[in-house]
Amino acid sequence: MKIEPIKVGKGITVTELIDQFCYSAFNARRLGQAGKIWKEMVNENAFIFLTIAGAMIPAGLREVVRGIIENGFANSIVLTGANLVHEVCESLGFHHISGSELADDVELSKKGISRIYDVYIETSAFEGVERFFMDVFGDLSGTYSSHEIIWEIGKKLENSFLRTAFDKGVPVICPTLHDSIAGLHLMLYGKNAILNYSKDTKLLLDLCSKRGKKGIVIVGGGVPKNFTLQAMLLADGFDYALQITTDSPQFGGLSGATLEEAKSWCKLKSDAKAVTVYCDATIALPLLYAYMLE
Amino acid sequence: MKIEPIKVGKGITVTELIDQFCYSAFNARRLGQAGKIWKEMVNENAFIFLTIAGAMIPAGLREVVRGIIENGFANSIVLTGANLVHEVCESLGFHHISGSELADDVELSKKGISRIYDVYIETSAFEGVERFFMDVFGDLSGTYSSHEIIWEIGKKLENSFLRTAFDKGVPVICPTLHDSIAGLHLMLYGKNAILNYSKDTKLLLDLCSKRGKKGIVIVGGGVPKNFTLQAMLLADGFDYALQITTDSPQFGGLSGATLEEAKSWCKLKSDAKAVTVYCDATIALPLLYAYMLE
Amino acid sequence: MKIEPIKVGKGITVTELIDQFCYSAFNARRLGQAGKIWKEMVNENAFIFLTIAGAMIPAGLREVVRGIIENGFANSIVLTGANLVHEVCESLGFHHISGSELADDVELSKKGISRIYDVYIETSAFEGVERFFMDVFGDLSGTYSSHEIIWEIGKKLENSFLRTAFDKGVPVICPTLHDSIAGLHLMLYGKNAILNYSKDTKLLLDLCSKRGKKGIVIVGGGVPKNFTLQAMLLADGFDYALQITTDSPQFGGLSGATLEEAKSWCKLKSDAKAVTVYCDATIALPLLYAYMLE
Amino acid sequence: MKIEPIKVGKGITVTELIDQFCYSAFNARRLGQAGKIWKEMVNENAFIFLTIAGAMIPAGLREVVRGIIENGFANSIVLTGANLVHEVCESLGFHHISGSELADDVELSKKGISRIYDVYIETSAFEGVERFFMDVFGDLSGTYSSHEIIWEIGKKLENSFLRTAFDKGVPVICPTLHDSIAGLHLMLYGKNAILNYSKDTKLLLDLCSKRGKKGIVIVGGGVPKNFTLQAMLLADGFDYALQITTDSPQFGGLSGATLEEAKSWCKLKSDAKAVTVYCDATIALPLLYAYMLE
């Protein structure tokens, strides 16, 4: 197939551009292929997991995640504790602020500002979150999976993809809930609750063993990637996989590992359609979501 | 300034998306800011250099480069020898082919195919290029700058940004012409020609010393970045700068160096507007160009 | 301070070289500084956490980790589930094999080989691990922290840093135990056991609230980094920190975040001594350990 | 072959460590293999090119480069203009200073300090260099290759690897001499001199066409990598190659391209022994040089 020069006209839509990316090279091509694979997942009625690591919610991707759930482009979400906590912040009306990665961090700490690269958040936001979690976790009693706890969180929020997920019955799993401020608050205020991830693993196994095809959209690696792929050690392997990452394979870590490598573990089927896009997900995910909408 | 969640609707244009990127974070924000700075360069009538390293032409960006020249978004181009050679290939009708980065390179070499990551090109293309250069370089006599040689090349091509540049009087400088197949052919067939880069440096100095503001759009670092920035050691420094790169600062190389560092050398003015986008340019440059068109 | 050219003579020891790195630049200097900071931690009797992410045990660093524990260069270990599982593999006599990152993964899977970049492991190893875990986990009854479970594992092994840690009373915490084959086996065979990470968080808080200085040596980021740093949200912040990572800050993820950023969160004290070495830990960690021995 | 855990004892030499790296994984293994390949080059009497890009001289590697030349571990050097200029600085007694990558670059520029990541150099150094080059270049008359000009430079210096190269008859080629302060000075003060890189290409071709085996040690990519590899388009291909780089293949640029890719272009022989080490060369090159000494 010939490489076709990308042609851009005034008012070009994201979809028109990404369609052309398929005929270019390097990561533009990978992005184009990712769009095609994700569309095929949806068209084939695959059950789709979206895993999210990296500070995507602080960076402004919460509406994109909500849209993905609402439109059925993902049927289960697996995310990090930090993304969960920052989504709760935003839903409660505590906002992230545009900052500078060159700021003096000691000065910031004196002002009660915590920094995530070029994003700031005020300590007061976490106090609001603490009051919210005190309330939610205080009511819990018994053994919970992370998705059951997130269910409880989601139904108490108005403006959040956690609420959308609750309303649509989309399970949201957080295999690192304990590794977040929510985890600290659960320890402090959820005295009668035990978080047992075995229940999450069982849910994952159930979902991975459903009839029909299965797909995974991986944003950024980490535990969400591994936890979801790992369930397939006890099932048949994914039919589709795409990953957006800024890690590289040559250092041996899982976040940068190729999806081919996952085939050696049978986490992907041997004929699975898979592609990795090496790109900051703050750029690539909105582009892909726009592409999915058409 | 609040981080605003990116909102994506069906049929969203690239411009509508990049406008929102300014209110997000990480490299999406950087991309949004890059768009704004480039637009300001054009609106302020700055003289704009576009420097190109990395295999952008093989990857399918030749129409984007042509459009940038045609629309006046750059007033001079500084590129690597490889991009020059591959542009000549394409103009002569020898195409780059979509390939696989996992191919067996020894097998490819037996088939007469050379690989650039996931792009293939047949050896026969270079034979066509050789005939073309034999013709062009055989006619040269005397001392030439690289841009004078590229002038000679551009006027003999039909379908090429090199021709567009020639037609519009946009100087194209190639400070690594000798470090390319064109350089080998110049040595072999341009017996009466001497390539003297001092003439390119003089042109650069003239352009950098023009009245009015000056800007630079850097794709990928390398000699094109250094050669163009360096001219400012003898002039006043750039007013605007943006860079698209996949290199990181922490290894100390120039391609990954921040534009702030360039201020210590006075290559940028102390109050220059500057931003670096850490992203594969096959994705970022078409997005920015689409943004510039509106 | 002048940059001093590195001088290398025949038979130079690692320590002699790293001492010189302090007077060079880029990541050699960072490595030299890391050595100095780690030594100061030990000399100041700081309580030191070593966090380990990335496939360090498959890559051959288990003796280095054991030596770090034995020599008191770390007083607590926080690692990923994968490193735990692969350490058990090795201790049981199942070895990792030198492989190729270019192998055909579908072929490997047919041969019962799983790949971690350029390391292979046979499926049979995991069967051995399963028998071991079936035995260990079958005996558990009640609620456990990960470090209590690892205690049980460690005391049943002979040749392992987990045993060394057990013998020396060094707590080993695995905040992603459930995100590993050990977690699957715990679910399957530890029917009477509940893994409750709140107990790990409490241990961490106790350790972080001890008298005297506290230090952290971070290999590779991930949950081990975040989980350990996060405990300091409820304590005074680390006095010393060093990180070895191959991630970069500009993508906003925690694994690549600078240690300065951690100061804005008060996870490090404002005057903490801290340095990040951007290097594959398979190279940097053995070098640093050799340096620590003198 | 089994992965062997790396064992480190007190006083371990660099060589003892790197020997073990061969049995580990990821980039430690690559570094171990690089040492073996380089030793084989020397043992087989291969003609060896060392190419140097990235700010290696400012970072303190000049004595390492000198030692490599003196011990015959390289028979020709191909470097960037910046490394040439900074070597002249040091030889003339102007030193690089240990700085901070977090400094305010506008403040630095006011103090007459230029920054290269965490290295500073005072503007006065370049004035000393200018007087030196004025002298050297003022005497030139006629057409020169870069290596002939560097010959003239080397013989006027005392304490420099350029002098060592001159004394030992080791050709030093600088295919980006014009892309450096030396290039600006050549334009200003070498009015009677023309720098013609075709003469460098001819020398390279002669060296690449010698009898016996040929090897290349690539530090950091860039023009030195391409210019040297490219000569093999007109010869038989390298028998040995090793590269130390911090670039990754997936962005398509030559600096990050695998050495396998070079086989498709026949720049390496199909059975060439080749390895890439993904590591900051300030760490990897001194380690390899120490290994070579034994």
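Read from first to last, the chains carry the letters A, B, C and D; within each, the first residue is number 1.
Here is the rule we use: a residue touches a chain if its C-beta (ideal position, glycine included) is under 8 Å from a C-beta of that chain, and two chains touch if they have at least 3 such contacts.
These numbers were taken from a predicted model, which means no experiment stands behind them.
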*Given the touch definition stated above, what is the smallest step count connecting subunit B to subunit D?*
1
*Would you mind telling me which chain pair, A-D or A-B, is linked by more contacting C-beta pairs?*
A-B
*With chain centres defined as C-alpha means, what is the inter-centre distance between subunit A and subunit D in Å?*
43
*Using mean C-alpha positions as chain centres, tell me how far subunit A is from subunit B in Å, no decimals.*
35
_Two or more other chains touching the same residue: where does that happen in subunit D?_
25-27, 55, 58-59, 102, 116-119, 248, 250-252, 260, 278, 280, 282
*Among line, ring, star, complete and other, which best matches the way these chains touch?*
complete
*asked:* With touch defined as at the start, can you tell me which subunit D residues reach subunit B in the complex?
replied: 53-55, 58-59, 82, 101, 103, 105-106, 108-109, 113-119, 143, 175-176, 178-181, 183-184, 186-187, 194-198, 200-202, 220, 222-223, 226-227, 230, 233-234, 246-255, 257, 260-266, 270, 280, 282
*Write out the stretch or stretches of subunit B touching subunit C in their complex.*
25-27, 102, 248, 250-252, 278
*Within the complex, which stretch of subunit B touches subunit A?*
1-15, 17, 21, 23-29, 31, 55, 58-64, 67, 90, 95-98, 102, 116-119, 260, 278-280, 282-284, 286-287, 289-290, 293-294
